[in-house]
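See the structures that follow.
There are two complexes below, and they share subunit A, which is joined by subunit B in the first and by subunit C in the second.
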Partner chain A sequence: MQSSAVVRRQMSLARKDELIGYLFVAPQMIGFLLFVLGPIVAVFLFSTQERNLLSGVVNPVAFANFDTMLQSDRLFPKVLGNSLAFTLGLVPLNLLLSLTLAVLLTRKLRGTLFFRTLFFAPVITSTVAWAIVWRFLLQGEQGINQLLDGVGIDGPNWLREPGWAMASVIVTRVLKTAGLNMIIFMSAIQNIPREYDEAASVDGANARQVFFRITLPQLAPTILVALVLTIIGSLQVFDHILLMTNGGPANSTAVLIYYIWFQAFRVFDIGYASALAVVLFLIVLTATAVQWLLRQRFIYNER
Partner chain B sequence: MNVSTYPAPLSEPLKSPADSVSAFIYRYGNKLLLYLLLIALSIPFLFPFWWMITSAFKPANDIFAYPLTLLPQTWRFENFVEVFTFQPFARHYFNSLYIAVLVTLGTLVISSLSGYAFARIRFRGSGLFFLLLLSALMMPTEVTIIPNYTLMQILRLTDTHIPLIILPILGGNGIVACFLMRQYFLGIPQDLEEAGFLDGLTRWGIFWRIAMPIARPALISVTILTFLYSWNAFLEPLVFISNSDLYTLPLSLRSITDEYGQAMWNIQLAATVLTVLPVLVIYAIAQRHVVESFALSGSKG
Partner chain C sequence: MFVRKSLFVLTLISLAVLTVFGVSAQDTPVTLRYTLWIGADSPQVALFNELAAAYTAEHPNVTVTFESIPFGDYQSVVTLQLAGNDPPDAGWIVEGAARSWVESGVLSDLAPALQGDADYNFDDFSASTLGLWTEGDAVYGVPFSTSPFIVLYNQDLFVEAGVPTPEELIASGEWTWENLAASAKAIADATDSYGLQSNDAALYTGNFWATLIPIMRGFGGDAWSSDNACQFNTPESVAGLQFIHDMIFVDESMVPPGAEVDFFAGAAGMTIGQLSRVNRLATAEFAWSIAPLPEGDGGYQSVVGQAAMVVFNNSQNREAAIDFVRFLTTEENVARIAQFFPPARESVLTSEALLQANPLVPAALMQTAVIDAIQQGRVLPSSAQFPRIELLVRPALDELWVAGADVQAVTDSICEQISPLLAR
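Let's look at the complex of A and B:
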């Protein structure tokens, strides 16, 4: 039997341990409250104010910012449409490319390490560098159009024509980040038990059947989660667009996140910018909730 | 293809060159096709890097020359000198370097402490705290940057490097680091720590002498992810810094323009090479670590 002295000692140790626990998480939690949670609350507050970044003028205006957004700001619907187009273009292209690369690189081939290193390299490269290079390559008669000229195609002025500008921004962004989904798909493919495709091959399935009937269904949970994460990520692409097109031409590449920055740090209307940020917050929140539900559903496939 | 005939058994010599070609295709055709596909797909990835590096050595006019040349006709090394004379590029380089080092050190300290506590120490509210952090993981920095800017304005810290150091350590990037550390600490066998406890180590001793040395791979991952995050960060410097002496590399690269606002391509590209190449070299050496670190931290658009 334990004496009460020992029990007391253990209790006090546990209490001391609890104190240490609080001390250990304190910096992270205080920082979180100050620079993440506090600001999220503040964004909601700011969105009900007329607020200027430079003059410091603050007036409560209730929902006037949201009224402006929904009724008189003609750019807002355009910006939402741009965001939608950007996401709808980027996400399927990203998943298709990254999945293709992952499938190719998980075959037994020499040199896959080289290709993996190459396809992943843009992920670690600074967006500014990537954008500088591509902006040049897509300019007028230079770069890509020279190459196209060689095969007899008269390329458009990529970044100066609205539709092409959006397409250019999407494709160059996909090239920048597809490597990330690629390595996630690669590890998922490598985790599929080999016996499955071997059994299928023995049963006479060809490579295509093995891919569509065995590999793809096994990958479905990973693909779903990657899908939602890529959608969320696509809503946060700011620097790439600022540097490639600066939202132009004729606002054709001004997406929601770009517009928030524009209103806050170019127009200095941080009340209105906060109202826009609230919209973005709600969209991301919805996507995150969907992703959570998917994870719950496919939890068995998590590492 | 006729499976029963090919591949020909080695004992049976092939009859004609045509036969040997089709045997070759049968044996290696699939692989050849895969390689062709991979090479085709790698062009849009390789070309920008190639073009960036070679153009950095060209005179400005040659970059625009027609037709495009894969290698510089005349090598102009002065580009790399002019990078430093055109604007205080060395200072910008130093700014980026010291900020990234401080951000990395700060993140390592704070995330290993919190990650360890969430993984190992029982305290009331730990579940709730962790859930709170988790919920913020998906929040774009852009949503919080407006109030953060206002906060820094009140504290008179705009146009200093302090927000560029504090925000990544405690914001989204730091939270990812906390998750990675927690995940790793959870995987360390509890017996080891209990043995340490029986040997009379305090909680701090267990953390510092037992858990931290084992967690080296996780610490390396956090170092890689955080350093790159800070080195490449664009939004925070853009918003917080206006004094060009305080620029970090991404702002510096963007601002290399002549008096008409036109980009000075050869100099800009030389600066870009100086910014990107060290990262690429380290990546090439430690690529397994780098790729694994990103695989752990998950997907972004």
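Let's look at the complex of A and C:
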């Protein structure tokens, strides 16, 4: 009798704990369901509809939006190519710059604090201000080109020539965001026990060997995380491009996310924009999955 | 228990009484939300607030709040509010998008209310000014701004370059696009400034229509005809575009792509603009004036931009909103708004008062550059497919903005791309 009462009380205690647990996660879960999962499901649904935001007309069209995208939309392959070029340009440049800065600025040298602040400052600058200032610096005849002119170089019209416009957008974006990865790498470097370096040095390794054999492998998990986040981030760069080039010239900087915005809020074709968003979602998902699988090959503590 | 039950019954009874004897529609407090794209702290919105207060004085149950949405986002924000079932009650719509709005069926027909009011004098709006906003007998918008494109110019730069000002050229009957280009070149050669800047410096990245259409029409061309045939590649349009191209790349007198220059800061001799831009010159540190668009091979072609007031169909307070729009566009109130927005009402347009309406613009110029221009003006092109057309034309034009571009080839390609859309 008594023991079953104890069991019952224990069970009810356990259930009470469980309930409290659920209550604690409820705000987060409700928010997630309502504002993250809901819209994602809606995007998949909308992508199978002809859906005009202005007139409110909604017709189910199954996969017609994807048909249009793959067969008759001449802009889609271009936009996809632009996104690829943007990511391929931005990600290596960003990681290389942030890693180099992190290695240099974790040395015990004079002035590191100043340079840390300097390189982190763009991260907390508003994108709008950043883009507009660069637009002034990258004018055809003024700004940077005036300086180049002084040393006898005839600079290109940075934001108005297709190839240069993409390069300008990439470089200014890297300068804006590299500081964030730099901080992440710096904290990772500082977490590597100094004994490893010292032991290697005692064994006769030079500085280069220490970096490539000790520091870099120790950093690999952090680099992977930074890589995944930077790739995802690069596919979501929108305001920067809108403000600097508005997708031009000749659509050379119109990336997928810009095109989604254009179809949704300029053409008001929410159905087609949703289909494009589904494609972007699948690209990001695939890219992330591939990297996650690759981690087992390249990261020491995953093997 | 009994107390609670009786309270419940009492509530029910009072609800029923309220429903039956109801608060009459006259007294229900109504707040109208009215969207526009001019800054909330502008003199324009201050005037609208005054007019709203006057309306509230007549209809104590109605209050109006004006919501400013930046022009670039205006369409999408209003559209999202409509889609999200939180529509504004009334607001402004600009000409380019007019047909897509009218045909989407989200606007209310204002004709019964406007034509039903004998004092309103609906016939005061000419059929041509209402053209974009009507379908059959239905009227979906009342134009409140019919603003002609004009040339704003920096007199100091003309003097510095030693060339006759547009005013002098008009007097001698030589105010042509060719002479505008010659003056621009003289200014670019003799001063540190450019000769001509596009409308709002937006030719390469923003609203290019406002610069291209006045020039293309001046040469006798157009973007497309009233029956939706593409005209970008006609000899006249090509001549107009070649003219702009030469100014940029041969004369180097027009602000080139990728240069951040501001006429209003004194960095260009002329710009194409509208009356509302004049207010930005109130504090300018140089002498300035305005002129009508010059003549070209196509004669004098006046181009007007238009904006109208509309009421949204699923507004909760549709009747009140329609009545408020009627109130804002009565003869008396249009006359007051006319100091900022050139009127579409014939009676106001021909009134003496309009000549003095804007203190920055002398009466003679108000007559030639604004009033005459409105009476002869044709509205910028509009199409129900406008955003899609813009999506195709903008990148195609980018190929035009390089030295040595083949204007005919570029415009042939534009027509090939947009003709199917125009035909829809």
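Just so we're on the same page, the second predicted complex is superposed on the first by the 258 of 303 C-alpha atoms of A that agree within 3 Å, B and C clash if a C-alpha of one lies under 4 Å from a C-alpha of the other, contacts with A are read in each partner's own complex, and residues count from 1 in each chain.
To be clear about the criterion, a contact is a pair of C-beta atoms (placed from the backbone, for glycine too) under 8 Å apart; a residue touches a chain by one contact, two chains touch by 3 or more.
Computed from a predicted structure; not experimentally measured.
S.K.: Contact-wise, after the overlay, does A:R160 reach subunit B, subunit C, both or neither (first, second, both, neither)?
M.R.: It touches subunit C, and subunit B stays clear.
S.K.: Please work out whether A:N246 is in contact with subunit B alone, subunit C alone, both, or neither, and reply first, second, both or neither.
M.R.: In the superposition, A:N246 contacts subunit C only.
S.K.: By the touch definition at the top of the document, which applies to A:F265: first (subunit B), second (subunit C), both, or neither?
M.R.: both
S.K.: Which chain, subunit B or subunit C, ends up touching more residues of subunit A in the combined arrangement?
M.R.: Partner touching more subunit A residues in the overlay: B.
S.K.: Just checking: does A:Q142 make contact with subunit B only, subunit C only, both, or neither of them? Give me first, second, both or neither.
M.R.: A:Q142: touches subunit B and subunit C.
S.K.: May I ask you to decide whether A:E50 touches subunit B, subunit C, both, or neither, giving the answer as first, second, both or neither?
M.R.: After superposition on chain A, A:E50 lies in contact with neither partner.
S.K.: Pick one for A:V284: touches subunit B only (first), subunit C only (second), both, or neither.
M.R.: first
S.K.: Is A:I20 touching the first partner subunit B, the second partner subunit C, both, or neither of them?
M.R.: The answer is first: A:I20 touches subunit B but not subunit C.
S.K.: Just to be sure I follow: which residues of subunit A are touched by subunit B in one complex and then by subunit C in the other one?
M.R.: After superposing on chain A, subunit A residues 53, 136, 141-142, 265 contact both subunit B and subunit C.
S.K.: For subunit B, which residues are in contact with subunit A within the complex?
M.R.: 31, 34-35, 37-38, 41-42, 44-49, 51-52, 63-64, 66-68, 109-111, 113-114, 116-118, 121-124, 126, 129, 132-133, 135-136, 138-151, 166-167, 169-172, 174-175, 178, 203-204, 207, 228, 231-232, 234-235, 238-239, 249-250, 253-254, 263, 265, 268-269, 272, 275-276, 279-280, 283-284, 287, 290-291, 294-295, 298-301
S.K.: Considering only the defined contacts, which subunit A positions touch subunit B in the complex?
M.R.: 14, 16-22, 24-25, 27-29, 31-32, 34-40, 42-43, 46, 53, 90-91, 94, 97, 100-101, 104-105, 107, 109, 111, 113, 115-130, 132-134, 136-137, 141-143, 146-147, 150, 173, 175, 177, 180-181, 183-184, 187, 225-226, 229-239, 242-243, 257, 260-261, 264-265, 270, 273-274, 277, 280-281, 284-285, 287-288, 291
S.K.: Where on subunit A is subunit C touching in the complex?
M.R.: Those in contact with subunit C are residues 52-56, 75, 135-136, 138-142, 157-161, 245-251, 254, 262, 265-268.
S.K.: In the complex of these two chains, what residues of subunit C are touching subunit A?
M.R.: 75-76, 79-80, 82-83, 100-101, 103-106, 204-206, 256-260, 387-388, 390-391, 394-396, 398-399, 401-402
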